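In what follows, structures are represented as C-alpha cells.
Paired with subunit B in one complex and with subunit C in the other, subunit A is shared by the two complexes that follow.
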Partner chain A sequence: MSKNQASAAGSFRDKLKNLTDTNLLLAITIIVFFLMYLGAVIFQGGGFLKPQAFFNILSANAALVILSCGLSLVMITGGIDISVGGVTALISMCCAVYLDFHGGNVMTSAVIALAIGLGFGLFQGFLVAYLDIQPFIVTLAGMFFARGLTTIVNTKPFNVANEAFTKLKMTRVTVPFMGSVNKRGIYVDAYVEIGVAVAVLVVILMFCFLRWTKLGRSFYAVGGNAQSALMLGINVKRTRFISHVLCGLLAGIGGFVYFLHVGSGSASHAAGAEMDAIASSIIGGTMLTGGVGNIAGTFFGVLSLGTIQNIVSSAGLDQAWWSGITRAVMLCLFLVIQSVVMARKKKA
Partner chain B sequence: MIKKYVMIFIVVLAVSAGAGWVFFGCAFEEEISHDPAPCEEEDYIVIGLSQIGSESDWRNANTESFKSVFTAGNGYYLLYEDAQQKQENQLKAVRDFILQEVDYIILDPIVETGWDTVLMEAADAGIPVILVDRQILLENDELYTCWVGSNFREEGRAAGRWLEDYLKLQSRENKEIRIVTLQGTPESSAQIGRTSGFADVLSEHDNWNMLDKRNGEFTQAKGQEVMRDFLKLYEDIDVVVSENDNMTFGAIEAIEAAGKTCGPGGDMIILSFDAVRAAIQFMQAGKINAVFECNPLLGPKVAEIIERLEAGEQVEKIQYIEETYFDTSMDLEKILKERVY
Partner chain C sequence: MKKENSIFMKIVRNQCFIPLMALLLLVVFNLIADPGFFKITLADNSAGNPILSGFLITILDSGSELAILAIGMTLVTAASGGQDISVGAAVAIAGSVLLRVLCGTNSRPETLQAPIIAAFLVSCVAAMLFGAFNGVLVAYFKIQPMIATLILYTAGRSIAAWINNNELPVISEPSFKYFGEFIPGIPIPTPFFIAVACMIVTALALKFTNLRLYTQAVGINQSSSRLNGLNPAVIKVMSFVILGVCVAVVALIKVSRIATINYSVIAKDIEMDAILAVALGGNALSGGRFNMAASIIGAYVIQFLTTTLYKFKVQSDALPAYKAVVVIVLVVVSAPVVREWFAGFSKKFMKREAA
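Now for the complex of A and B:
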C-alpha cells in the first residue's frame, strides 16, 4: 500500500518537474482565478452564487476574449498590436452606418467587419515583417488612423435600429440545467449572448492551431529566439506577417462581436480595449518578450479581469476607479511572477 | 523540483494576499461609512443606482444628492455604478443589480433608446425601476414605475410669467418688446421644453416680438458667437432668453464687447436657466435679471417615492421636481450660502 502511495507521489513529482514554463504560468493563472471566484462566492454571496453571474461575465467579455486571442498570437511571436481597440471602434461605426443609413443586411455587415480587420492586419503585418518597422510604432499609427477614420465615417454616436440586427443582438443561447430561481420565485434559465459561442469557438480553434500545427509551433520558435528559428529553416518574416494577419482577422471577428454586444456605433467604443487585451494575455501567461503563451491562459485572464469588475461593484465600491486599481495590482503581480519564472529558467 | 512546488505555493499566496489586502483595505474603509453588508441585515432597503457619469457640476450635485439620502443611517444600502458615459456600462450595471436582487433600481438613461431588453429583465425579476433626469422612448410604459425630473416646459413658462410681471413693474406692458432666444442642443428635452414653455406665454402677448431663435449648443463659446450675430442684425433688443447659464456667460461677454449693458438698469433684460453658483454671482454683480433653476437634487424626492412604494401605495408615473427661480430682488448673499452647487 505504502509502495503504491510512494510511487504515486513520485510520478506526481515527476510531472511537476516536467512542468514547462508555459504550463506553470497557466497553472498559476487558473488557480488564482478559481481562488478569486471562490472568494467572491464566499464573501459576497448573494448574486455570485448564481451561475448566471459567471455567464454574465462571459457575455460582457466575449469580444475581449477574441481580441485577446489575437493579441496573444502576436505577443507569442514577439510582436505587439495596439490597434485592435481602434479597429473595433471603426468596425462598429462602419457596420452601424451600413445597417442604418444604407439599409444593409446583417450578413454583409459581418463580411465588412472581417474585411476591415483583415485589411488592417495585412497592411500592418507587411510593414512589420517585410519592412522591419517596429510593431509598436506601426500599430500605434494604425490605432490613431482607425480612431480618426471612425469620426470621418460618422461624427455622432447612435444606436442601430435595423430590426434583423436587433433580433440577432437579443438572441440568447440558453445553458441548460444552470438556471436559478429569482426574487419572484420564477425559474429563469441561464443564458449567454450569441457572441460567447463565437468566442468559445475562436478559443478552441486558436488553441488547436498553436499546439498542433507546424505554423502554430513556429510562432513559439520565432518568439523564443528569432535567430535560432531562422537557422532551423523557419521563414521568420512570413511567420511574423501571418501572426499580424491573424490578429487583424481576429480583431475583425472580435469587432463584430463587440458591435453585436453594444448595438451602436461610436468613436469612443472599445477605448483601452487593446490594453485590456494585453493585460489579459499577460495574466494568462503570455510573456511580453515572446516565446511563451497559452490561449487557455488568455481565456482565464479575461475571466479574471471580468471577475474583479464584478467583485468591486458588488462590494459597493465605485467600479470605475477601484476595478482599474485592482487590475493594475494584479497585472504587476503577474509581471513579477513572469520575471521570477524567467530568472529560475536562466539559473536552471 | 520541490522548489517549484514551493514557489507556486508562495506565488499564489502572494497574489491572494495582495488581492486580499486591496479588498480588505477597501472593505475596511467602507465599514466606516456603511454598516454590515446587506446579506446580514434584512432591514436594509437595497438600491441600485446607475448614473451616467461625472461630467459636469450638475451631474456631481445630482449624484451627491442621492448618496447623501440613501445612507445606512436612513436604512438603505446603496450600490452605485458610474457608467463613464457609456450605455453598455449602464446595461451591465442594471443586469448586475438584477442578479444581486436589489429592492429598487434607479436609472438615469444616457440615451433614449436601447433599454427595452434590460427593463423587461428587471420587470421579470420583480424589481421596480425608477427613471430620473433623462427620458427614454419606450413602447411599453409598464416597464418602469415612474420618472422623476425637471419640468423643462414649466421652466420656460416661469420665465415668461416673470417677464410679464417685470414689464408691468416697469410700466412697459403695452410697449413693443423685442426678444431673442439662445437655444440649447437641438432635440434635447431641455431645449424643447424651455422653448415651448416660453412660447406658451409669448402667444398671449401680441406686443411681444420674438425676433430670432438660434442654436447656442449650451456652450459659452457658441453663446457668445450667436449673441454677437444678434447684436449686428437687430437693433434695440429688449430681452435675451438664454436656455442655460453657460450660454448666458458668453452672451454677456458679447453684449459688453458691443458697448451695451444688461441686467437690472441695463439696456437689455437677460433671463437664464440652470442656476449654477456662477450665475447667481453674476446676478449679484448686476448683469443677469433672473435665473430659473434646473434642480439636480433629486435624492429626497426619490427617497419619498420609495417610501411610498414600500408602504404599498401607487405613485404617479411622471413626477416633476420642485424648481424655483432667483432674481435681483432676493437676498442673493444668503441664497449663495445655502446653495449646494
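Now for the complex of A and C:
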C-alpha cells in the first residue's frame, strides 16, 4: 500500500504498474459494479435510475454485507468460514421461537443472536487456530450442525407475530436529499431498512479496524505469510482465533439483521448465504490465499451480486435457477482473474 | 514390552481399525437398544419376487452408493489435498442427463427413446466433463478444491433443472428399475452388486497401474513429484474425472430407484457423507497416502449410523447435526496437535507408573 502512495507522483503507467493487488482487484470490482448498474439502467429502463432502487438493493442485502465483512476478515488471515449461512438460519429460528413461543422481548433476542454467533466463532476458532484443523472441514461441520439444529429447534417455518418486533421490522430510516417525485408530483423520501444502518456502521468499523489498528494489520501479515508473521513476533494462533471469533460475532449481527428483514423462522432461510458471502468477498478483491483484501471492496462485491439478482428478477427469468447460475459464473470469473493476477505477480 | 504388544499394535495401527471399531460400537449400541435391528426377512414384493428386507439390507443398499462415491472422493482427497463438495449437485446433473437421453423430448414416454447403456454413457461423459471442469480449476488455476467445487455446488442443481426444462420426466419401463432396486429372482439389492463391481475395478486399477503411486506422490509432495517427471496437474484432473465416473454410477442408481428425479432433493447432503467416509477411513484430509478399503468400510459405517439415527425417529433434516458432531470428534481426535498432546500425556503417565 505504501508502495502505491510513494508512486503517486509518477506517470499513469508507473501508477498502473505499482498498483498493489488490493487496489487492482478493488478497482476491477468497482468498475464491474458501475458497468453492471449502467447495464441495468440501459436494459431495464429508468427504474434503476431512482435512488430508491439502489436503496432497495441495499436493504435486501444488508445482512449479506455484514456476513461478507466477517468472511473477509477470516479470508484475509488465510482461512475460510462456510458456516455463516447455517448460523444465520439458526439465529432466525431461535429468535423467532423465543419471541413467539416464549414471549421474549426484542433486546434479549438480539443478545441471543449475538451469543449464538459468538459461540460458533469461539468454538470454530479454537479448533482452527489452536488444534490446527483445516478451517474448511471445521466450518463445513459447523454449517451442517447449524442447519440440523435449526430443524431440531423447530421444523415448520412460521412468521413472527410479536408486536414490538414487527414495529422494529417496519422502522424505516429516511435518507436525506435522496427522495424522488412520484407520478402524482408528490415528493417521496428515500428510505432504507434499519439493518442498512447497522451494515454501514459495521463496514466503517471494520474498514478502520483493518486499516489502522495493530491487530488489523497483523491479520494481513498472518494471511500473507504466517511464517514471517511469527518471526515478526505476531501471535499467529491468537490472530487466527480472533478472526474466527469476529466472523462469528458478525454472523450473529448479520443473522439478526437478516431475521429483522425476513421476520420469520425457517430451516431453509439464508440457503447458500455462505456461498454469496464468499463470492462477495472474492469479487471484492479478497484473495483466497490470504493477505490481500479490503472491506470497501467487499461492500461493492455485495452490491454487484445484489444488482445481478435484481436484473435477473426484473428480466422475468425464473429466479431460483438463474440466480444460482449467474452467481456461480461470477464467482468462477473472479476466481480465475485472481488466479491469473497471482500467477503474474509470481512471475514479476 | 514392545514385542509383547507387536501384534496388538499392528492391529491398532491398521487403518481399517478405526472404522471397524466405530462399526463395532454401533453394532453393540444397536444390540443393547433393540436386537430387532438385525432382523432380516424374506418376503415377496409387489411384483411377486422374493426380496430380503430389514435394516441391514437398507444399509447394504444405500451404503453402496456412498461406497462408490467414497472411492472417487478418496482419490481426489489424496491427489489434491481437498474435497469435492459438488458431488451431490453433480449427481443431480448426471441423473438429469440420463433421464433426458432416455426420454427424448417427451417427459412421459411409453417406451425408452434410447438404450439404457447409451444413456448411461452419455451421463458418464457429462459427469466426467464437470469433473474435468473442477479439476482444471484446481490443477491449473490453483484454486483450493473446496472453493473451486463450491461453484458447481451452487449452480449444479440449477443446471440439472435446466437440462430437463424444469420438468420431471417419469420412466415407466420396468427394467429401468433393476439398477436401483432388485433384479427379479435375486433377493439382494442391485446397488450392492454395482458397488462390488466398482470395488473390483478399483482394486485391479490400484494393483496393476501406477494410479496409487502417482496419486500419493502428487498428494505428499507436489514439487518433488514434478521433479520426478510426473505432471501433478494431469493427475489431479484425472482424479476429478474418476470421481465424475463414480458420480455417474451413483446417479444411475439414484434415478433408477424412483424412476424420476427431484432436483433439489436428489443426493442432498451426500457430499458430507462422502467426506465423512474418507475421514472415518483414517485418510488424511490434507492429502497424501490413502487406504481405499478403509474408505469403503467407512462409507458403510456412515450408512449404518444414518440408518440407526433413522430408526430412532430422527428427522432427515436434523441428521446433519448429529453427523457434524461425529465429524468434529473425528477431526479433533486425529489432529496432530491433539495426538502429540495425548502421546505426551501417556508418556508422562507411563513414567509415573514405572517410578
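We take it that the second predicted complex is superposed on the first by the 322 of 348 C-alpha atoms of A that agree within 3 Å, B and C clash if a C-alpha of one lies under 4 Å from a C-alpha of the other, contacts with A are read in each partner's own complex, and residues count from 1 in each chain.
Simple rule for what comes next: contacts are C-beta pairs under 8 Å (C-beta built on N, C-alpha and C of every residue); 3 or more make two chains touch, one makes a residue touch a chain.
What you see is a predicted model; the values in this text were computed from it and never measured.
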{"item": "Subunit C versus subunit B on the shared subunit A, clash or fit after superposition", "value": "fit"}
{"item": "First, second, both or neither for A:Leu232, with subunit B first and subunit C second", "value": "neither"}
{"item": "Partner chain(s) touched by A:Ala164 [first = subunit B, second = subunit C, both, neither]", "value": "neither"}
{"item": "Touched partner set for A:Val111, first subunit B, second subunit C, both or neither", "value": "neither"}
{"item": "Which of subunit B and subunit C A:Met36 touches, first, second, both or neither", "value": "first"}
{"item": "Touching partner for A:Leu205 - first (subunit B), second (subunit C), both, neither", "value": "neither"}
{"item": "C-alpha centroid angle, subunit C to subunit B via subunit A, nearest 10°", "value": "70"}
{"item": "First (subunit B), second (subunit C), both or neither touched by A:Trp322", "value": "both"}
{"item": "First, second, both or neither for A:His261, with subunit B first and subunit C second", "value": "first"}
{"item": "First, second, both or neither for A:Val138, with subunit B first and subunit C second", "value": "second"}
{"item": "Three-chain overlay, closest Cα atoms of subunit B and subunit C, distance in Å", "value": "8"}
{"item": "Where subunit A meets both subunit C and subunit B, residue numbers", "value": "318, 320, 322, 325, 329, 340"}
{"item": "Subunit B residues within the subunit A interface of the complex", "value": "1-2, 4-5, 7-8, 11-12, 14-16, 18-20, 22-23, 26-27, 30, 34, 37-39, 77-82, 84-88, 92-93, 95-96, 98-101, 111, 113-114, 117, 124-127"}
{"item": "Subunit C - residues contacting subunit A, complex", "value": "82-83, 85, 137, 141-144, 146-148, 150-155, 157-159, 161-162, 166, 269, 272, 275, 279, 285-286, 315, 317-325, 327-328, 331-332, 335-338"}
{"item": "Residue ranges of subunit A in contact with subunit C within the complex", "value": "80, 82, 127, 130-134, 136-138, 140-145, 147-149, 151-152, 155, 267, 272, 275, 278, 288, 318, 320-322, 324-325, 327-329, 331-332, 335-336, 339-340, 342-343"}
{"item": "Partner subunit B, residues of subunit A touching it in the complex", "value": "13, 16-17, 19, 24, 27-28, 31-32, 35-36, 39, 44-47, 50, 52-53, 56, 60, 159, 161, 170, 182-184, 186, 188, 261-264, 268, 310-311, 313-320, 322, 325-326, 329-330, 333-334, 337, 340, 344"}
